[in-house]
Amino acid sequence: MTHEIALNLVDVHKSFGESQIIRGIDLAVEKGERHAIIGPNGAGKSTVFNLISGYYPLSDGKIELNDQVINGLEPFQINRLGLSRSFQVTNLFSRLSVFENVRCALLWSAGYKYSFWQLVGQQKQLNEKTKEIVDQFNMSHRSQTPVGELSYAEQRALEIGITVAGGAEVILLDEPTAGMSHSETEQAVDLMKFVSEGKTLVVVEHDMGVVFDLADRISVLVYGKIIATDTPDKIRSNKSVQEAYLGQLEEV
Amino acid sequence: MKLKNMLLFLLGTVVCLVFSNSAFSADPIRIAYIDPLSGAFGDVGDAGHKHFKFMADKINSEGGVLGGIQLEIVPFDNKISAKESLVQLKHAIDQGIRFITQGNGSSVAGALIEAVKKHNKRNPDKTVLYFNYAAVTPAFTQEKCDFWHFRFDAHVDMKMQAITDAIKKTPSINKVYLIDQDYVFGHAVSAAAKKMLKEKRPDIEIVGDTFHPIGKVKDFSPYVAKIKKSGAQAVITGNWGADMSLLGKSVKESGLDAAFYTFYAGGLGTPSTMGSAMNGLRQVTEWHDNLSVEEDRPGDAEFRMSYNEKFGEGGKVPWYYGRIRTMMEMLVKAFNKAGSADPKAVAYAMEGMEHTTYYGKVVMGAKDHQLLQPLYISRFTKTDGKMVKYDRENTGFGPTTEAKTQTMDTATPSSCNMKRP
Amino acid sequence: MLGVKNLNAYYGRSHILQGVDLEIRDGEIVSLLGRNGVGRSTMCKAVMGLVKPHGTVKYKGENIAGLPSHAIAHKGIGYVPEDRWIFPSLTVLQNLQLGQKDLKKQSRWSLEDIYQLFPILEERSKLRAGLLSGGEQQMLTMCRTLMGDPDLIMIDEPTEGLAPKIVELVKNLISEIAKRGVSVLLVEQKLTIALKIANRLYVMGHGKIVFEGTPQEFQKNASVRKEWLEV
Amino acid sequence: MEFYVISLLNSLVFGMLLFMLSSGLTLIFGMMGVLNFAHASFYMLGAYFAFQISQFAGFWTALVIAPILIGLLGAAVERFGLRTVHKHGHVAELLFTFGLAFMIEELILLIWGRVALNYQVPSSLDFTIFRLFESDFPVYRLFMLAISVFIFVVLYLLLTKTRTGIIIQASLTHPEGVGMLGHNVPRIFMLVFGGGSALAGLAGVIGGNYLMTSPSMAILLGPIVFVVIVIGGMGSLTGALIASLLIATLQTFAVGYDYSLIDLLAVFNIELGPEPWFPDLWRIKVENTGPLLPYLLMVIMLILRPKGIMGERES
Amino acid sequence: MLKRYGVWIAAALILVILPQIFDSGFAITMLSEMCIAIIFALSYNMLLGQGGMLSFGHAVFYGFGGFISIHAINVVNDGGVPIPLELIPLVGGLAGFIFAIPLGYISTKKAGTTFALISLGLVELVVACVLLFPSFFGGEEGVSGDRMLEFSLTGVGFGSGIEVFYLIAFWLIVTSALMYLQTQTPLGRMANAVRDNPERAPFVGYNIHLVRFFQFSLSGFFAGIAGGLLAINYEIVNSEMIGAAASGHVLLMTYIGGVGHFFGPILGAILYTFLHLTLVNITMAGQIYLGVLFIVIILWAPNGMAGIIMVHRPLWQAGLIRGLLPHYLVALAAGLVVFFGAMILVEINYHLSLSIEPDNPIRLFGVEFKANSWPPWIVSIGLILVGFFLLRPIMKNIRLKWDELTREMQKGKFA
């Protein structure tokens, strides 16, 4: 059985000035796979996301989305090709309501472009779809609340909501559960499982519970390089991974 | 809509307050003085206001007009903006004022001429008459002339007539440089100079014709360097205000040795900012401080002094607009001749009126409503207590007559084709 | 020396520190462990006054919560942030000089001491700090803080992204610091150094302290390690 | 030749004056991210204060006292005004200084009136120092140049050699990090704002009598100062110096050329008809474009290189 | 139905009735100018409020709208294209739109402070051009025309001010409705999103440069309409309309009104125009009062008048506002004491330094006194001090009461 590759990173490099952050990454994420990237602080996980989504230009290498080269494209162009991402620090449209946030995230994919001759209030399909997503995220009671007033967990949930609203095939989530309590984390995992059904998901995460619960495969990024990509069990028993996390254990 | 109602109420009260005074004061004849009283040009408008106020007080104390009716000057601040002037014109008309006067800014004057014309056409029962005391674009009494507009200042071409007459008589000048502000007035000065010099002294070479942005130049040294490079013996400039002061300062510093013929070297506030740079500059005016000494008329000197005592702020802002006295005296005559305060009657009475002023005989043109008056070229020199008795703005430099152009010689061909009601 | 009681801190709406209790005694090296994002750096920043603290932070018996950070620094606390904050356009020497708070006070650390510990800094003293390598920058940041002669120093992930050789240098420096009577709070993810030099350990998880004890106690308690630290 | 030498000297004098004004603004912007609209108003206040002080105590006292007063005023504005609006963000800060500029102008009108002041160059400096070819070069020009060069040197030494200077430079990158090391950053901000204002005030003291002291002097120079810091690169002193000299030179030399597009076309033997399309465009001479050039340069710069000549970051 | 269109119908009714009540020439002029200012301020808020773009050069499009309109009027009068006067504003709008396209394309590439600076540079650039291109801008005199065109859709001659007012009012209703609706379109919403978070917007598929650019161009269109109406109203257009001062005015009025709500600029335009036109004839210190108002708003009410109103809405809806009213009245009284004190101080100073006869007595609130005597100084400074010391505890009380009511309201919500 051949696996179709949704996202393919080939020898990706990134330097800021003198300092090399990403030192040659190869990563192939299969279609429909849930893939986690883990690694110690400062390993460059968020940078990888920023490179994939077009936020930073590449220093060297190539990134393909469904066999189409996307490096060099603008973020909005990459998004239009079906890749959507969330942010580590909550990154919402702060003064708009929950409903409005979701609707804004839907507008382009629903084909409205820059239209100024249609009223959003009258777009039945659009509003129904928006409502559906708001309901999915259990936020119908907060629908009209400006997102600046939401609780942190709600904001994190909405962050995911906005990322998936446009119906992208490939979803990148950057530390979706950072700062959440245990119960909130559990809910968030359920949510992620639900929304990524049938889609390709790449997630950067620190909470190992989440990672092992969610991921089909895990890549470990250390010091700008991927040192291992494998199934969760194998990663767990991988010595160099433990070392990267905890230091050289045998010396203890 | 609650708030709108509140605002409406507020609007109502204030509008009522503003307008309520109009009901009581039918008695004096009021003249609206529409000029800048605030902002960057506030000082100029303020001085004009004082001139008019002084003259009105003088006339009132001498018995007023039409057998005892007093004159009142009502100031309106237009911030030297054409738009605000039109608002203030409406305001004045609402208050029942039928005479307006204005002087600063050709743009304002142009707008007012148009607006008064339209207003009088649309409201023949509430006509308004406009006296212009300082806006000098020739067109206002030529192709744009209007029955409802009278000008008491000599326009650009007339002043240039006086300057070129003086240059004509100075054979040592054979290279002339023109430097002017880059707008309608500056271009008019330059065009008139070129035309008249060509007629009067075809041998003169115009070695430079520079326009600089108005009110934007902070340092004129580059321009002075350029004048110097051209080797001109005389410079003609229409610059006023800061542009004149800064030009004068740069000239003095660089030691440029050329005769400067200016329109406004003595303009309000200009001498005090120039200080000793005033020395040697020439200006063209209908009146100057030492005329009373030169022509031995102590009465006129007294008039000047009494103004300076009241409004002169210790000599810092002395009497300047010689023509405002003329205008007010002629206005008294016109009221009395017309026998009423009806603008149309006053306008007809004013046409062709002759008057003897403290600087000579003047005539109001019947055809174009342009006052013809003598023009003096005076030069600023250190006061000596004798002929150069009075200085300007405490600078220690006062004007002394160098040349005079007689009243009738200032006339220029008129292209005015006026429609009369 | 430092007593933190029921410390809470927020970033916007997110509740990062949820009632942290922690204590550092005179001359101790205390290590604060935990995975990324559990609030360790926030804990340091809250003590330092860079993040608004809610709760009590007692330093030498005085509550310093709510003071501006420069005042806290003057009381004798130093902080070496994880992202280092070196001043790239200044020279190495100038960076070090900036660390001095009070020119008149006799410091435990003279410039000569620093240069002796890290000769490379002397060698590069006239170089713009932005041109240093990551490890050198880390040295510089720590030394810069030492120049201010703190009685308590909080060091945030000093070995992150450094080559093993340099990690060794850092470890030696920390021991040296402690030797001169300065208390140390070492924030780490890796156990290597922490277990070697710390007198006591705290483990943080989800904004709370989940373990407190000596390295030996920690070694025995595998479940803490598994749940809160390991992959 | 004469024209070039004189113009070059003039550009230098005006350029250095411009630099004195913009150096304060660029430091303030670099540290606090505040675009101070009232900066030119401090320049204007400097001239007015100097005039007032020189009435009682002479020019030399004013030269020292006026900038100090302006500096204190600037510090007060930072402490009691800007710090209050800081929490509302940069736009609010910008608008606050916008309002402040408006108020300062109005207060000047109120106190000193609308007439331009008779603030003259002191007689001890009112003579010709040397003759270049046929032109006199006034000593006051040289004095201005000397003061501004002196200020530049002092500022340079202060920023690079003193402890305070190092703290200020460090605060340009990581104000929080500086605070953490025990330096009182808010006080540094106040100091820089006060110092920057004092520099503007000093420019007013020596520029006010040379040019003109009137209520419109702030509006006249304000926009140019912004252009300088944008072109130079926001927060960069060297950039501000280069941009000041560049703009001064451009404006000074533009005056010397009266070529227009008609002349350009004539080179290619093209003649315009009697009624060309856009008649004004062809007639514009280089000398008239002086006021246009700085803004044109700024817009082009923002499009091509938004960081400015020496800038390291975008606004 | 009534709920939806009620506001608009009421507004239209007010516009019809107002000039019947205030029918003096000046009042009509003021009302006309208010309406124009509303359109202009609303168009400005499309940038600042909706799109987060702080522009110092919006009057460029207002001015171009005005110039093209007046030229169009002259062309019609010269027997060129027959355009009825009623549609001249549309010509102005198109002019504003067309000029906004190149300028907007350049400047919207950047946001924040850089955008503000570019706008400042562009407006100075255009102002410098005014004098370089006299055949279009008419030099400093400007361009004038006669609005009484032969062609008219309605048969109205537009000679009198009131006829023109109704034309302006008609366009006010049309344009403000359009601008309101624009906020409800996909573009309007994306402009909000870009304002709130330009970092995120590209990741939902939008090119933020284009969003800003379209928003900018549309805003130029409405500014152009306002400019066209001004040209019709005054029949003269000159450089003052296009310059930095005009841009400053619209910024002030919009900010004072409040950028956060659609009706904010409307309030601001009404108040600002009213003060601007009347203060000048009441006091010489008009600019000071406007400046103080602006600074007070920036310091203590950054969301403007609309913001003040909107924070009270929840309390109003919860029926709790009554608890605050007495406190407000007390605060108002104390505030007035300070205000009157300050006002006397300002007025006597202005009188002394700027009036042509400073020795003459000054009249304030019907009381005549000499400005150069000491009692008014003592009274004014006394009033300021008294009011200030009264105000402090009162403000504290208001804050306490406010918190109390907010708690009560939240309790009510959950009950």
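Should a chain be cited, it is by its letter among A, B, C, D and E, assigned in written order, with residues numbered from 1 in that chain.
Definition applied: contacts are C-beta pairs under 8 Å (C-beta built on N, C-alpha and C of every residue); 3 or more make two chains touch, one makes a residue touch a chain.
Predicted model, so just to flag it, every value in this text is computed and none were measured.
Enquirer: Return the chains shared as contacts by chain B and chain D, ordered by label.
Expert: Chains touching both chain B and chain D: E.
Enquirer: In terms of C-beta pairs in contact, which of D-E and C-D ranks higher?
Expert: Counting C-beta pairs in contact for D-E and C-D gives the edge to D-E.
Enquirer: Centre to centre, using CA atoms, which chain is the farthest one from chain D?
Expert: A
Enquirer: Distance-wise, how many Å sit between the C-alpha centres of chain C and chain E, to the nearest whole number?
Expert: 53
Enquirer: Averaging only over C-alpha atoms, locate the centres of chain A and chain B and give their separation in whole Å.
Expert: Centres of chain A and chain B (C-alpha means) sit 74 Å apart.
Enquirer: For chain A and chain E, what's the span in angstrom between their mean Cα positions?
Expert: 44
Enquirer: Could you state the distance in Å from the CA-based centre of chain A to that of chain D?
Expert: 48
Enquirer: Using the touch definition from the top, which residues of chain C touch two or more other chains?
Expert: Residues: none.
Enquirer: Residue numbers in chain E touching 2 or more other chains?
Expert: Each of 128, 132, 134, 287, 354 in chain E touches at least two other chains.
Enquirer: Can you list the residues of chain A that touch 2 or more other chains?
Expert: none
Enquirer: Once the touch criterion is applied, which pairs of chains come out as touching?
Expert: Going through each pair of chains, those in contact are A-C, A-E, B-D, B-E, C-D, D-E.
Enquirer: Considering the complex alone, what residue numbers of chain A touch chain C?
Expert: 18-19, 38, 40-43, 90, 150-152, 155, 175, 178-179, 181-182, 206-208, 220, 223, 235-236, 241-242, 245-249, 251-252
Enquirer: Flag every residue of chain C that touches chain A in the complex, lowest number first.
Expert: 11-16, 35-37, 82, 131, 134, 157, 160-161, 189-193, 195-196, 206-207, 219, 229-231
Enquirer: Can you list the chain E residues touching chain A in their complex?
Expert: Checking each residue of chain E against chain A gives 181-182, 184-190, 192-193, 195-197, 199-208, 210-211, 214, 218, 260.
Enquirer: For the complex, give me every residue of chain D touching chain E.
Expert: Answer in residue numbers: 33, 35, 81, 84-85, 88, 90-92, 94-96, 98-100, 102-103, 106-107, 109-111, 113-114, 223, 226-227, 230, 278-281, 284, 288-289, 291-292, 295-296, 298-299, 302-303, 306, 314-315.
Enquirer: Which of the residues in chain E end up touching chain D in this complex?
Expert: Answer in residue numbers: 54, 106, 109-110, 112-114, 116-118, 120-122, 124-125, 128-129, 132-136, 244, 248, 251, 255, 285, 287-288, 291-292, 294-295, 298-299, 302, 349-350, 353-354.
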